[in-house]
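You will see two complexes here that share subunit A, one where it goes with subunit B and one where it goes with subunit C.
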Partner chain A sequence: MVEEKRILYEHLDVPEIHTFDVFRQHDGYACFEKAVADYQPDDIAKMVMDSGLKGRGGAGFSTGLKWSFVPKDIKPCYLCCNADESEPGTFSNRYVLEKNPHLLIEGILICCYAMGIETTYVYIRGEFTLGKKRLDAAIKAAYANGYLGKNIRGTGLNVDIYTHPGAGAYICGEETGLIESLEGKRGQPRNKPPFPAVEGVFRKPTVVQNVETLCNLPFIVGNGVEWYTKMGPTYGDARFDPPKPDPNTGTKLYCISGDVNKPGVYELELGLTCAELIEVAGGLRGEQVKAVIPGGSSAPILTHYELDTRLDFTSLTLAKSMLGSGGIIVMNETRNIVDCLLNIMKFYAHESCGQCTPCRWGTPWVRDIVQRIADGNGRKSTITRPKFGIAENGRWGDTGETEDIYEDLDLLESVANNIANVDTMTWNTICVFGIAVSWPAVSYMRKFRPEFEATIREGKLTTLSVEEATVPPEENYAYQQRIVPRELE
Partner chain B sequence: MAFIKLNDLEVEVEDGTNVVEAARLHGIEVPHYCYHPGLSRPANCRMCLVEPHVFFPPAGAIVPDRQLATGCTTVLRTAPPNRKLDGKYDFIVYTDSPRVKKAREDILEFLLVHHPLDCPVCDQAGECDLQDFTYRHGHDKSRYLEVKNVPPKKDLGPDVLLYSTRCIVCTRCIRFCQEVSGSNELGLIHRGSHDEIDIPRSHDGMPLQLLDNKLAGNVVDICPVGALISKDFLFKSRPWFMKQEKSVCAGCSVGCNITVEYKEDGVYRLKPRFHEEINQHWMCDDGRLGYGYVNSDDRLQLPMKRVDGEFQPTHWADALTQITEKLSEADAEKVVVIGSAQGTNEDNYVLQQFAHEVLKTEHLGLFGALPGEEHTFPQFTIEADKNPNTAGARKMLSNGTPVLEGEALWKKVSEADIVYLVSGAPERSLEAEEKAVLESVDFLIVQDVLPSEVTALADVVLPGTTFAEKDGTFTNSKGWVQRIRKTVDAPGEARIDWEIIQQLARQLGGEMNYHFAGEISLAISENVSGYAEATHQNIGDSGVKLAE
Partner chain C sequence: MSEELIQIQNTFRFTEENQREFDALIGHYPVKEAAMLPTLHLAQKQAGYVSPAVMTYVAALLEVPLMKVKDVVTFYPMFFEEPVGEYVIRVCHTLPCALRDCKGVLAHLKAKLGTDVASETDLGKGTTPDGKFTLMKVECLASCDVAPVIMVNDDLYKNLTPEKVDEILDNL
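This part shows the complex of A and B:
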């Protein structure tokens, strides 16, 4: 039986921890003081690199590597803390901001010290009113106690933090969209390259980090790299010989919601499986798991056949899904996948920023197709076609059988793939919003195709049993190359 | 120079060229909408996707497959020796690979999802990028079954209409107003598929600011579809029915390069033509909409003479004979010849030759439109001098003696008996002082295109021609000599200015035998200092810069 073990966020539930005094009583700012006293800035950057810390915001990009791209000779350089947490199913940043904002400030201070940054912007989601209130109060207290401002605690370090509330756009959580919005423009992502590390806020080098990533820094510095890397698996990247270490170290705040008995935020080491996580969250509410969304609504769905997938960056990427922001949504046998997809597609069609063509006009189109299917107006052709699958010779090909043609399902897959191709992982859009749309659309449709077909046939939303609704892995070409990573010895 | 493999071509391009331009230079079309060489590159239409041979992801990023790149933002540069591809290329890019073709089809399908099929009534049809690229790169049918967005039609300003339904949100117009005119009237409202271009409005929809800057007309030109439409040209003609001729705007001394689009019955519109150093891609609305007088019904079509204080139309022989008689009797010291800054170099050169060789007078003046206001924009300037050829006319008329201008001119005119005034400035009004001086002249010959306060004082009026009706050259304020070309025929019996002057010269016994404007330009290149290179053969489409 796996249980939640708070390591990094041990003091998160201490009453009044959001006040400076209580935070100090629980060793607050000790790690920052240690960092300044014991290490040079470059040492800290090296520690972060060695710790294998991956960004917790969604893309899972190595934090140390990101810092190494920042040019050292261009000043000023900015830190942007991304607290615009708007992925459906994710609520960990909100939890941290409301409970323990000083931890974030400590993380920011360490990052600023390591990178020689003097100005930090915290782009906080506009709906987080309590979070912003607590953070603003914490920043005020930190200024009052000399942990922010000029010459912090006599170290000669200057750091200012400004909070900026978002105005409610999902796309402003994308790092360049966030930067544009912060600069006062329309929240529309920029073309990359140049990446923000080279040209970000006000065209200056900028480190953009998620709240959770920054909250990891005090513990890496305080407890050392070795302590940190013991948590979570380190895989071997088989594309290299000998396999290159692919660390998935540390803990993650998993936000679990949906059909579980105790939904909420759980801190767990990376690398536990889906089934274990459901157990931690009080077990399933209902009879049977039908599907699990592993990383916020934009992640491809996992079926009940895939509950052994480990929830870390590498395993989920190789399972053709992603950990994303760690927002896990569990669905039991009563849920209709078509309805779920419609819900998600309504969200994305509404949130598309409208900057680039495929996303602007593709996302509402996808929504409309799903709406049509859900309304019972999906089109099915009167003719059939040869069925492709695992042929007699054991390879992919013509099976000799025929299958019905569901025109709207083909159209849905084609339109979604034209926004961003799920199979080749290439997108025609400016930012990854495109793939965040087509990933759920295509994966839901491929993995739960019988339910979509039944809905079209019956002319109304039809929920099948779990076994009937799910395409078995051996019949689904989306699984054909599913790889389970192996841990390094 | 970067050595590039472009499809199966091996080409050299300047460092810093993007793929769209490099391909265009070598005759390959990379379709694009949002990219415009004169504006910034947001790469939001995604139409110019090309396949680079290698994509350099940041080390460590997981990019399993090559990502297509936008041609407009993919800049070609010489690679360091250790980064050469296949040992020799600086970059390898495919603009016709199957993936690129597929991507273009897909993007076009998305663009057409909400675009109405109103080409039969759309002004842009025939010169529409969406139409052309769909024809060349797109699908033949639509898979879209849902209801199309129907955003409203909007009146943006004095000359610009927005058909929002046709808009593909490439944001060229917005960027133009930000970067070139600096006036920021346009912006996007709403979000996602409901994006609309609009001007600032109050909550009840009343416009707070109109698109009324002096460069507003350019947004119509750069709109790749028929969303932004000029009210001046609305429903007037199909583009393919019009003939086009390269010319120069006669609106001010900047000398913007233009294309005159015309039919037999008149000029239909002026469009800017690219010139790197003069106007880039733009022109101002004063010039763009200032062609109206060419088509005017009031144009002078017959010579007129004053009989008992009233104007009477007459025929050329009569008018010219009357003038010849007066001039042959006159004292050369009492004759003033005034050239026009609206006329071509050729007109003024012939006038100068006429004055010196035939009339033997030294009194040459320069006349033109009244100065206007100077307007400066971040990337464009409209000059105060509203004559296209002040510098050229001054140079042509001053053959040894300085040209009389301003007060000196009016002083000389007040002493004269006969004044031959070539005006050409449409509807030129006269200041009180000028009027008094001209009224005192015994015999005033005015050569002009439209009735004005100047022609009202004349004894004989000769109908001349506008910039649209003759060949010639203009010299702009920066010393660029550029060609204008004949488009429409002059109305009625109006004649080309230098032909009238040559006819007069011949009747007075002068020897002048030019057959066409190019011949005069040869004479100019021989006789006028600095103009040696400025013959019609040398000038071409983009003009010749005079040595300082």
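This part shows the complex of A and C:
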């Protein structure tokens, strides 16, 4: 039985930890002082690279690698802290901002020291009023105690932190959307390249990091790389010979919500399985797990056959899903997947920024198709077509059987795949919002096709039992293609 | 700027306190335009909504064309272009809240306030006749562990039931 063990966020629930004095009593800013006293900036960048820290915001990109792209000779360079947490199912940044904002400031200071950055913007969600209040107060206290401003603690380091409130747009969590928004424009993502590390906010090199990623830095510096890499699995990337190490090190703040008894934020080492996490969160509320969304609403859904998937960046990617921001939503046997998809598609249709045509028109179209199915007006053809599959001779071909044509399901897949193709992983949009739409749309439909078909046939929302609603593993495209990575010895 | 625009602009001014806050804000950025969102938040707090007067004023302050301000205001859901009620009630209706019956909370609020839900193009639809409340649906408020949630102006209320909603409204 896995239990929550807080390591990085050990002090998160200490009363008044958001004040400077209490934070100092719990060794606050000690890691920053150690960083400045013991290490050169390049040493810290190397430590972050060696630690295998991956960005916690969603893409899971190596932080050390991102830092290495920043040109050294162009100044000023900026740090943008992404606190625009809007992915449905994710709420860890809110916890950190409200409970321990000084930890974030310490992380920012270490990043600034390593990268020679003097100005940081914390782009904080407009709805996070308490979080912004706490962070503003923490920044003020840090200035008053000489941990921010000019010549910090006599080290000659200058760092300023400013908070910048967002105004309710989901797309501003995308790093270039965030940069546009920070510049005072519509939050419409930019074409890449140039990547923000080369040309970001105010056309200067910019490091964009999630709150949680920055909160890892004090511990990497304070306890050393070896201590950090012991947490979480390191896989061998089998595409290389010998297998190249693929670290999934550290802990993650898993946010679990939906049908569990104790929803909340749990800090656990990366690499536990989905079923274990549900146990940690007090078990399932209901009889049986129907589906789990493993990484915020844009991640492809997992069926109850896939609950042994380990929740880390590599395992989920190889299982054709993603860890994303670590927002896990659990659904029990009473839930209707068509209804859930409708809810999510309404979200994406509302949040599309309107810049690229496939997304601007495609997202409402997908929503309308799902709405039509949920309303009981889903289209089904009166004719049938030959069913293709593994034929009698053991090869792909005509099986001799016929199948019904569900026009709306074909249309749904076609429209979604034309926003972004989930099989080839190519998108026809500027940013990855496109894939965030078609991933859920296509995966829900393919993995819970019987429920969609039943809803169309019956002409009303029809909830099937878990076994009936789920496509069996042998026909589940993701289950068939999934690879379980092996840990390096 | 045309005579007409100057006249519209003159109907809105920052209070002295807000002006001080704005002066501090503008120093955070290398270009004035970047202060757009915080400035609009500040102006909306003072005026209640972003009227044409507010937009022209902000455009003049930040030295950008009026169109750029309008561009931003129409993009972000948190800026209101029409007057709203004294209390803006935001009901989260994204998946984790939907799994915990946010529909019941919304239906209860609708019945209790006797108003419909505001749409983005018609805020008046969700505002009570006395101008006290505006009811609107919003996307995920990032509090899925304590779902269903609503926000009343700047305050978040968690784990709601119809009884709790009554209590909250009575205490406003």
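The rule we apply is simple: the second predicted complex is superposed on the first by the 478 of 489 C-alpha atoms of A that agree within 3 Å, B and C clash if a C-alpha of one lies under 4 Å from a C-alpha of the other, contacts with A are read in each partner's own complex, and residues count from 1 in each chain.
In this section, a contact is a pair of C-beta atoms (placed from the backbone, for glycine too) under 8 Å apart; a residue touches a chain by one contact, two chains touch by 3 or more.
Owing to the predicted nature of the structure, the values given are computational and were not obtained by experimental measurement.
Looking at the superposition, the partner that touches the larger set of subunit A residues, subunit B or subunit C, turns out to be C. In the superposition on chain A, A:Phe128 makes contact with subunit C only, not with subunit B. By the document's definition of touching, of the two partners only subunit C reaches A:Gly184; subunit B does not. In the superposition on chain A, A:Asn93 makes contact with subunit C only, not with subunit B. Of the two partner chains placed by the overlay, neither subunit B nor subunit C lies in contact with A:Phe240. Of the two partner chains, subunit B is the only one that A:Pro364 touches; subunit C does not reach it.
Of the two partner chains, neither subunit B nor subunit C is touched by A:Phe388. In the superposition on chain A, A:Trp227 makes contact with neither subunit B nor subunit C. Contact with both subunit B and subunit C is seen for A:Glu351 once the two complexes are overlaid on the shared chain. The intersection of subunit A residues touching subunit B with those touching subunit C, taken from the two complexes, comprises 169, 186, 350-351, 353. Considering their complex, residues 41-47, 49, 58-68, 70, 73, 103, 106-107, 109-111, 113-114, 143-146, 168-169, 188, 190-195 of subunit B touch subunit A.
By the touch rule above, subunit A contacts subunit C in their complex via residues 85-91, 93-94, 121, 125-130, 160, 162, 164-170, 181-187, 202, 255-259, 263-265, 293, 297, 327, 329, 331, 335, 340, 343-344, 347, 350-351, 353.
Only residues 61-62, 65, 69, 169, 186, 191, 195, 317, 349-358, 360-365, 368, 372, 411, 414-415, 418, 424-430 of subunit A touch subunit B when the two sit together in their complex. Across the complex, subunit A is touched by residues 28, 30-31, 33-38, 40-41, 62, 64, 68, 71-72, 75-79, 90, 93-96, 98-99, 138-147, 151, 154-156 of subunit C.
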